[in-house]
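Comments concern the structure below.
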Amino acid sequence: MAINKLIDLDQYSIPELMEILQIARIIKRKPEYYQDSCHGRVMATLFYEPSTRTQMSFQTAMLRLGGKIIGFDNPNNSSVSKGESLKDTIRVVSNYADIIALRHPLEGSARAASMFASCPLINAGDGGHLHPTQTLTDLFTLSETKGTLEHLTVGLCGDLLNGRTVHSLIKTLCRFRGNRFVLISTEELTVPRYIKEIMDQAGCAYTQCGSLTEAIGDIDVLYMTRIQRERFANQEEYERQKGVFILDAEKLKRAKYGLKILHPLPRVDEIAVEVDDDPRAVYFDQTEYGMYARMALILTMLDGSEKRFDARPESNTTRPCTNPRCITQTEAYLPRLAHKDRRYSVCEYCEHEYEK
Amino acid sequence: MAINKLIDLDQYSIPELMEILQIARIIKRKPEYYQDSCHGRVMATLFYEPSTRTQMSFQTAMLRLGGKIIGFDNPNNSSVSKGESLKDTIRVVSNYADIIALRHPLEGSARAASMFASCPLINAGDGGHLHPTQTLTDLFTLSETKGTLEHLTVGLCGDLLNGRTVHSLIKTLCRFRGNRFVLISTEELTVPRYIKEIMDQAGCAYTQCGSLTEAIGDIDVLYMTRIQRERFANQEEYERQKGVFILDAEKLKRAKYGLKILHPLPRVDEIAVEVDDDPRAVYFDQTEYGMYARMALILTMLDGSEKRFDARPESNTTRPCTNPRCITQTEAYLPRLAHKDRRYSVCEYCEHEYEK
Amino acid sequence: MAINKLIDLDQYSIPELMEILQIARIIKRKPEYYQDSCHGRVMATLFYEPSTRTQMSFQTAMLRLGGKIIGFDNPNNSSVSKGESLKDTIRVVSNYADIIALRHPLEGSARAASMFASCPLINAGDGGHLHPTQTLTDLFTLSETKGTLEHLTVGLCGDLLNGRTVHSLIKTLCRFRGNRFVLISTEELTVPRYIKEIMDQAGCAYTQCGSLTEAIGDIDVLYMTRIQRERFANQEEYERQKGVFILDAEKLKRAKYGLKILHPLPRVDEIAVEVDDDPRAVYFDQTEYGMYARMALILTMLDGSEKRFDARPESNTTRPCTNPRCITQTEAYLPRLAHKDRRYSVCEYCEHEYEK
């Protein structure tokens, strides 16, 4: 497999994805066979914003493959992230490490970094944009607990408008056959238009539903996410609505025996603690699946890798991206890259649409 | 040995303790024999408050056994410690790690965490409550430098009221034969009543003494601790008293040739720097002994361990613990656990006594 | 090689330096031969001020030798650096680690620490004083890219007054035959008098030049450094001068084909981004050379090392050093050490000159 920089999971074809999941499965069965697979290799976890869970998952994955870890975890501690361009840091760390996991608060930062890394690089979250290893985790969890990634009725509950993990999971499941979606949220917090277009184009049916109680009986998978209080119109609306999207033992009584409950964690109160011991709750196991998925990914990316730079594209537009959270806003040396949509320019870093 | 969660050192019987010390002794003699003993194993050091010394000691112990390390060291850096319950963090990290060392500012947190860890867990300090590996360190230091844990006259100097390491050491030495204690402190800062009861019940003699100079000639071991200025009634009292409890070359002249001076470190000024080069000063060596003791403990706990949850107890009381520093104050999902003493309820997390 | 504590690179003779560079070269050719050379060994990186680049370089070096890492990276996170003397921390960490890399904001701290370390210790930067592994990095980069350390015309550009890496490089290159220097800076920011004396004594020719454009055609090596805005007399002067010392594609047209451009990094804007892809730019490669140089150094220092304290000198003066940034200002237990120069006392910690 030739992918050297993983920005978005859709870089992988379905057969490639299935191969990674198959490797994850084999590692999970016999992890001790793999405990020295990356002996002598070094991963840098460059976390420009703290995300201890994701960082620990990557670190554990690398360590359990016999590799080593360098990196930083907090911009405030790190002299690297101050007074040095992303380019320079990536150039330098490429010289130290065999593979980089990058977390950055700005959208498009993974794409930007990929231009300057001589070693494989994994996007471990670029702002609100993409987080492909979370989706890989979700896929592996589904694959292991449901036994298939096809013909599933998947309920997604909570804030479906702002949740990048939800969007990415839907996009990916649309690439498999026969999946249906039940979108459980308030009207204001349903998925964005472009996600509906993806489902329509893929021929995946979906229904919208304002009540978890109503929806829960029909679904094979329940993907829970947090609704942040500040997403509601006002405090009153929040109080009126919040209970509707909380999973508790009472609602769970209506669910199928074979339901699997996922959550990207951390949870706040959207799943009652009493649900934790129900065998249908797999959200804690999910973190372990995520470790195996990341191990498989690292192994795949390091296999046969050699130090090389990808060809760096030339600017293809003169208009800068207008997204204030785009990496191009702070890193002036980046080539300006956008492709033209029907109506808009689409930034190739952050995928923000703006006027042509 | 079956202990999977080490909250308090008294979980071990004396023969079990002696076995751990024996393993520590063997490791100390030939550390290279053990340098791959934990190959492929991962320890998580979860430090909810910074304690660099303790963390480095655990990390070095695991690394010198050939294991690997993940974790965090500061609540302010870590997204884990924000917005996630202790339970959830422990459940997740149990999936990554083979063993957890937990440091937490709240009393009873180790007991609480032990309910949700599927892997072995070591209490690396839960607030002012317990710190069993410090006591194990002290025992191994005594055992190595005095050659015995019996029939010792042990002087303890400084703040004996608030020092958890002092209480824990006395409790443990009372389980061995023939030890005597000399309590060297101001009257206000002597050991609490329950420690005196323990010594009485064990038949261990003790004397109280207001002067290090007077006491030092009679003792085999001097366990020094810090007296914090704010423990004194007022500044005047502090100035009058502080010199009395400082160990210097002058006072040391009266001591036995075979005296051993211990200190849990860090010291401030309670031991003069001139004492450092005296062969009776073993407080720096003590840190190395602590590393070997922790290596033996980790090895013992990982040996034959498998992922399992301990049976979780049901609430056995309706009255919440009243200790404001108890872990039950912040983690609402914990079962309420207390046993009845003669007069009080005793919280099973923090051992705080409160009205029945 | 007997050096157990590396404070300053001039502790090594030229043949010893050449041997370290030779080891670095061999490691660079076949790093996999060395990937277990330090198996079972532990390095402590004690960084009393954050310097993520230097710390990552040391860590990667040790990890790529098969060793392990403990340490801390920030005084604010670390309980070690609070309330404990440097001596005590070094004594304790010596018990955990096989080698220490120390970074400290105070001048002379490496010398001070070396008195109390029972294991090898490397100065990873002591305030504005010394940073020998940066110079070793520079030497190895020159050696690899120019093929020699002799008969080079070396341009040094930027703030030559305050740059310790510049001073250290000049001092070391003066020990090799036939090197010449071109000092490219404003008059105010040229090298200090004592550096000129060293060049004179070594018989190394040097010229001073106020323009990078004029100088660039004649030199074999260009060592760029940052000029901080606050070094200029005023804002007007800064605006007038800054362009003169910025390297860009235009100025580079005048340079020799075989020029090599070095920079200790991080750069701010003193090298235009357009220069990065020029084959003469070796400042990113330099970081990789630095890793190999540090690997060679660690290997050399650990080879045959055993735990020992160096003999500790007695105070040889009664007058304290007057440098406010000297380690003796905060660590009162240090012996007072100074040797007499022609006119001054020279502090043996920070090399500050003060009245006899």
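First chain written, first letter: the chains are A, B and C, and each begins at residue 1.
What we mean here is this: contacts are C-beta pairs under 8 Å (C-beta built on N, C-alpha and C of every residue); 3 or more make two chains touch, one makes a residue touch a chain.
Every value quoted in this text rests on a predicted model; they were computed, and no experiment measured them.
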item	value
Proportion of interface numbers common to chain A and chain B (over half same, under half different)	different
Turn needed to bring chain B onto chain C - CA fit, degrees, nearest 5	120
Whole-Å gap between the CA centroids of chain A and chain B	42
Where chain C touches two or more other chains at once, by residue number	77
Touching residues (chain side chain A, partner chain B) in the complex	32, 35-36, 50-53, 56-57, 59-60, 63-64, 66, 73-74, 77, 265-268, 273, 276, 284-285, 287-288, 291
Chain A-touching residues of chain B, taken from the complex the two chains share	39-40, 42, 44, 68, 70-72, 77-81, 83-84, 87-88, 91-93, 95-97, 333
